[in-house]
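Below, each structure is written out as C-alpha cells.
Paired with subunit B in one complex and with subunit C in the other, subunit A is shared by the two complexes that follow.
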Partner chain A sequence: MKAWRGALVPVLLLALAELAFRARSGPSDSLAPPSQAIAALLGTLSDGSLLVGSAETLATLLGGLAIGSLAGLGAGLALGSSDLLRRLTFLSIEMLRPIPSVALLPLSLLIFGFGYGMEIAVIAFATFWPSLILTQSAVAQIEPRLLEVARLLRLSRWQRATKIVLPAAAPRLMTALRLAAGVALVVAVTAEIVSNPQGLGHDLMVAQETLRPARTLALLFWVGLIGWGKNAVLLRLERWLFAHRGDVDTRIAT
Partner chain B sequence: MSVRRLPSSILGGLGLAALILLWHGLTASGLISKAFLPSPAATLDALVGGLRTGDLKGQLAATTLRMLNGWLFASVAAIALGSLIGISDPVRVYLRPTLAFARSLPASAVIPIAISLLGLGPGMVLGVVTFGSVWPTLLATVQGFANVEPRLQDVARVLHLSRLQYVSKIGLPNAVPDILAGMRLSLTIALILAVIGEMLSGQEGLGSAVLLAARAFRAADLYAGLILLGLVGLTSSYGLIWVERRATRWRQAALSPNPL
Partner chain C sequence: MSLPHPALEFAAVALELGGRAILEDIDFTVARGEFVCIIGASGCGKTTLLRLLAGLIAPSRGKVSLDGHLVAAPSPQVALVFQDYGRALLPWRTATGNVSLALEAMGVPVGERPQLIAALLAKTGLVGHADKYPSQLSGGMQQRLQIARSLAQDPAVLLMDEPFGALDAMTRQGLQDEVLRIVGERRTTVLFVTHDLDEALYLGDRLIVLAANPGRIARTLDIALPRPRNQLATRENPEFLRLRRDLFTTMQEMGA
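Showing the complex of A and B:
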C-alpha cells in the first residue's frame, strides 16, 4: 500500500545525483551518474558476469551458513537442555565470540588457500555464534509445562528434542536463521573484498581498481538488492510458516 | 552432584581451563601443525613479548582509537538524525524503505567506493567505520521514538511542548534503552570495519598486524593479535552493557513497584 511513498526519497536522490553529474563537466574516476550505473548493471547482466559472481557468492554463503547454523543449532540445543554444560562453557563462549570473524581471514587463507574453503570456514565461524546464542535462548524460553509433559511421558532425550523442543522453538529458530543469513552475506562479501578472488566482492574490488565507477556502483546496488531480497524472502517465509501460531517475533528485522 | 553446586564463575573457569588444555594437547601431540595452531605457551609468549616491546600496544591503541572515533561520530549523527526522523510519522513512512535498504547493504561493500573517493589513507578507514556503524543506532533511535507510550504523547500535547522539548524530555529518554542497544551493535560493527579497513589500506593496527603475521607464517603473533581483538570486543561490549544497566536503572525503578 502506498508504495510510492517509500520510493519517493530514493528516486529524488537519484535524480539529484544525475542532475549534479550533468551539471559538472568532465568524467570522474571515482563516481558515475545513476544512468551510467544502470547501464553498467544491464551490461553485467547481459554478459553473464553478474550471474557468475552472484552464484559464487551465494554458493559460499549457503555452504557456510549451513555448516555454521547447524553446528550452532546442535550446540545450542545441548547447552539449552543442560544447565551444567551451559555453566561450564559460558566463559569460553564469551571469550571466543567477540573475535571479529574477518580477523580470521588471514588464518583461514593460510589453512585453506584461495577458494571456497577459506570463505566457507569464516562464514561458518561467524554464523555459529548467533545461532548458538539464539538457539540456547529459544530453548530456555520454552513453556515449562511442555517440558513437564515430556518428563511425564518419559520421553528420551532424542524424542524430547524432536517432539517437544524443536517444534516449540521453531519460530525463534527461524528468526535466528534470518539473522545468521544477514551475517553470512556480510562476511562473504567482505572475505571476497579483502582476499578471496571470486564472487561479487572481488568483482567490486576489480571494478574499483580498473577505474570503472559505474560498474562499482552497479555492483554495490546489486549486493544491497541481494541483502534486502534475502531478508524479505526469509521474513515472508517466517510469517507464512508461523503466522497461525501468533508468536513470530518480527521486531527483530535485520 | 557436587560439581553442580559450584558457583558459575568457577565452573566457567574450569571449562576455559579444559579448553586451553585441549588446545595444548592438540599442539603437543602434533595432531595440528604448529604453522596453523601454535601452542598456548608460544601464543602467550608472543602476546606478552609484543605488549612489552610496544609493537602490539601501539597496534592495539590504533585499532581501538579508530573503532571508538568512528563509533562516536556515527552515534552522534545517528541519534540526531534518528530523532529528526523519529519525531514525525510522515517522515518515517517516506524513509523506512530507504533505511531498510541501506541497512541490508553490507557496510564493507562500500569500501571500494570509499577507496576511490578518499584514497587508501586513515580518513578512508574512519569514513567506512563511521558509515557502517551509523545504521544500527539510527534505526534503533527511530524505533525508540516510534515506541513512545501514546499517553506520554498526549501529555506532551496537553503541555504544549515544543518539538525540541518533546525530543529532549520525552522522546530521547524513552528511546535510551533502544539507542544503547543499537550503539552496542554499532560498536561491534565499528571494530569489524576498523580491522577490514586496516587490512586493505595497510594502516597501523591489529588488522594489518594479523595480516602481516599470517603472510610471514608467524602463527603465534597471529593468534596473539586475534586474542587482543577478542579482548577489545569483549571489553567494549561489556562496558556498554554496564552503561546500559546504569542508564536504565531509573526506568526500572520507575516501572517496577507500581505498573501504573
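Showing the complex of A and C:
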C-alpha cells in the first residue's frame, strides 16, 4: 500500500499554513491555523454537537436520495421502454430539469415549513433528474442480444425487467447513484446554509456568524470527510457487487 | 425420413428491409430430425433465415411454418444459438444461473430446476463449472453453456448461427461431435448456418447453398455420408472429398 503518498501533499500544505500563521502575529477573526481547527473539531466531537448535526444532514441526505433516485429509476425504466411516454414527457422534463434545485427552497419552505420535509423534498428533486437521465441511458445501452434472448425465451414484461434489464443496467445504475449522492450532499448543505436551521450547513452558518473561524474550518473539513467517505463506501459496494462480471470494469479510479 | 408434413417449411419467402431485398424466392422444407446446413458468403441472408424461423422477424411475402403452423412469434419449440456467446450469456449469472433462465422462462418449479440443470451441464461437458461466471470460462465453454441453455427448453428445432465460428480448430471439432451426439439422441431438427464448407459437409444430411444480393437458394445438395460421423474417417471418405470438390467449384463460380 502506498496510500500514504496521497496524504503527503495535504499534510505538507497544512504544515505550511500552520507555519505561516505562527509567523504572523495577533489573532484573526477570519482565519485560524490548522492546530486550532483540529482542536475545534475535537471539541465539537466531544460535546456531541458535531454528531447531532451530522445525523441531521445524513438523515435528510439519505431520505431525499432514496426518494429521488427510486423515482428517477422508475421513471427512467418507464421512459426507457416506451417511445410514446418519452415523446409525451419530453417537453415537461426539459422545462423542469434546468430549474436550479436551490431555487425551489422558498417554495419548499412554504409547503413544508422548517425541518426535514422541506430539505428532503429539495434533495429528492435534485437527485431525481440525474437518476432519470442516467437510468434511461443505461436501459438504452443494454446489449441488444440479451433483449433478443428475452424475446426468444418469451419472458414476460416483469421477468424481462427483473431478470434482464435491471441486472444488465445495474453497473450504470450504481454510477448514477454515486453521482446523485454527490448532488444530494451539495444540496443538503446548501439548504441548511440558506434556510433550514438544522444539520452541518446550519452549524457552519452559526460558526461564521459568531466569528469562530477555527470551528468553521473544522466543519468544512468534516463535510469534506463525509463526502469522501460516502464515495469510498459506494465504490467499495460497486466493486464487491460486480467483481465477477466480465462486462464491468471494476478498476474505476476513485 | 419422409413424414406426413415437414417440420419446417419456407414457401416463396421474401424479405425486404428498408426497400432493399434481403431474401428472395426462398423455398425449402426440412424433415423432422433432419440436419440441414446453410452455407454462403457473408451478407447472403443466412442469419436472416434463422431469425425468420425463430419468429424474431416476419417475412415481407411468403410463409414460414413450423409443423404446419405459421411462425408469428418466438416459440418454445425453437431454440436459437448465437455465434457471439459472449453477448448472449448473462454475465451476472453463473453457468447454473444461465441455464436456469430458460427454465424460469418456462415456469419450471424451483424444486425441479437443480436436477435438470445438472443434467444439462453434464450433457454439454460443463461438470465442475456450474458455479463459474461466463467471464471465467473459455470461449468453447461459453458456447457449450449457450447450447445447454438452448437445450433447457427441450426444443424440437435447434437453430445454430455459425456457433463455432469464433473457436479454434480443436475446440470446434470437439463441439461438432458433441452437437451431433446430442441432437442424434433427441432426434432434434437442426438448421445450422456456417461459412465453413468442411463443417457443413461433416455435420449435415443436406446442404443449402445461398447466393447473395438478394439472398436466394443457389443449390441444394444431399450428403450421403454414413453416421455416426468421425473426424478422421468421414473427412477421408471419398464421397466427402468428391462433395467437397464439387461444392468448392460451385462456391468459386459464385464468386464467394
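In this text, the second predicted complex is superposed on the first by the 245 of 254 C-alpha atoms of A that agree within 3 Å, B and C clash if a C-alpha of one lies under 4 Å from a C-alpha of the other, contacts with A are read in each partner's own complex, and residues count from 1 in each chain.
The rule we apply is simple: a residue touches a chain if its C-beta (ideal position, glycine included) is under 8 Å from a C-beta of that chain, and two chains touch if they have at least 3 such contacts.
Quantities reported herein were computed from a predicted structural model and do not represent experimental measurements.
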item	value
Which of subunit B and subunit C A:220 touches, first, second, both or neither	first
Touch count on subunit A, higher of subunit B and subunit C	B
First, second, both or neither for A:185, with subunit B first and subunit C second	first
Contacts of A:151 with subunit B and subunit C, given as first, second, both or neither	second
Subunit B versus subunit C as contact partner of A:167, first or second or both or neither	second
Residues of subunit A defined as touching subunit C within the complex	143, 145-146, 148-149, 151-155, 159, 163-164, 167-168, 170, 242, 244-248
Subunit C residues touching subunit A - in the complex, by the definition given at the top	54, 56, 73-76, 79-80, 82, 84, 86-88, 90-93, 101-102, 104-106, 133-136, 153
Interface residues, subunit A side, partner subunit B - complex	2, 5-10, 29-31, 83-84, 87-92, 94-96, 98-107, 109-111, 182, 185-186, 189-190, 193-194, 201, 204-205, 207-208, 211, 213, 216-217, 219-220, 223-224, 227-228, 230-231, 253-254
Complex contact set, residues of subunit B against subunit A	3-4, 8-9, 11-16, 18-19, 35-36, 93-98, 100-113, 115-117, 188, 191-192, 195-196, 199-200, 206-207, 210-211, 213-215, 217, 219, 222, 225-226, 229-234, 237
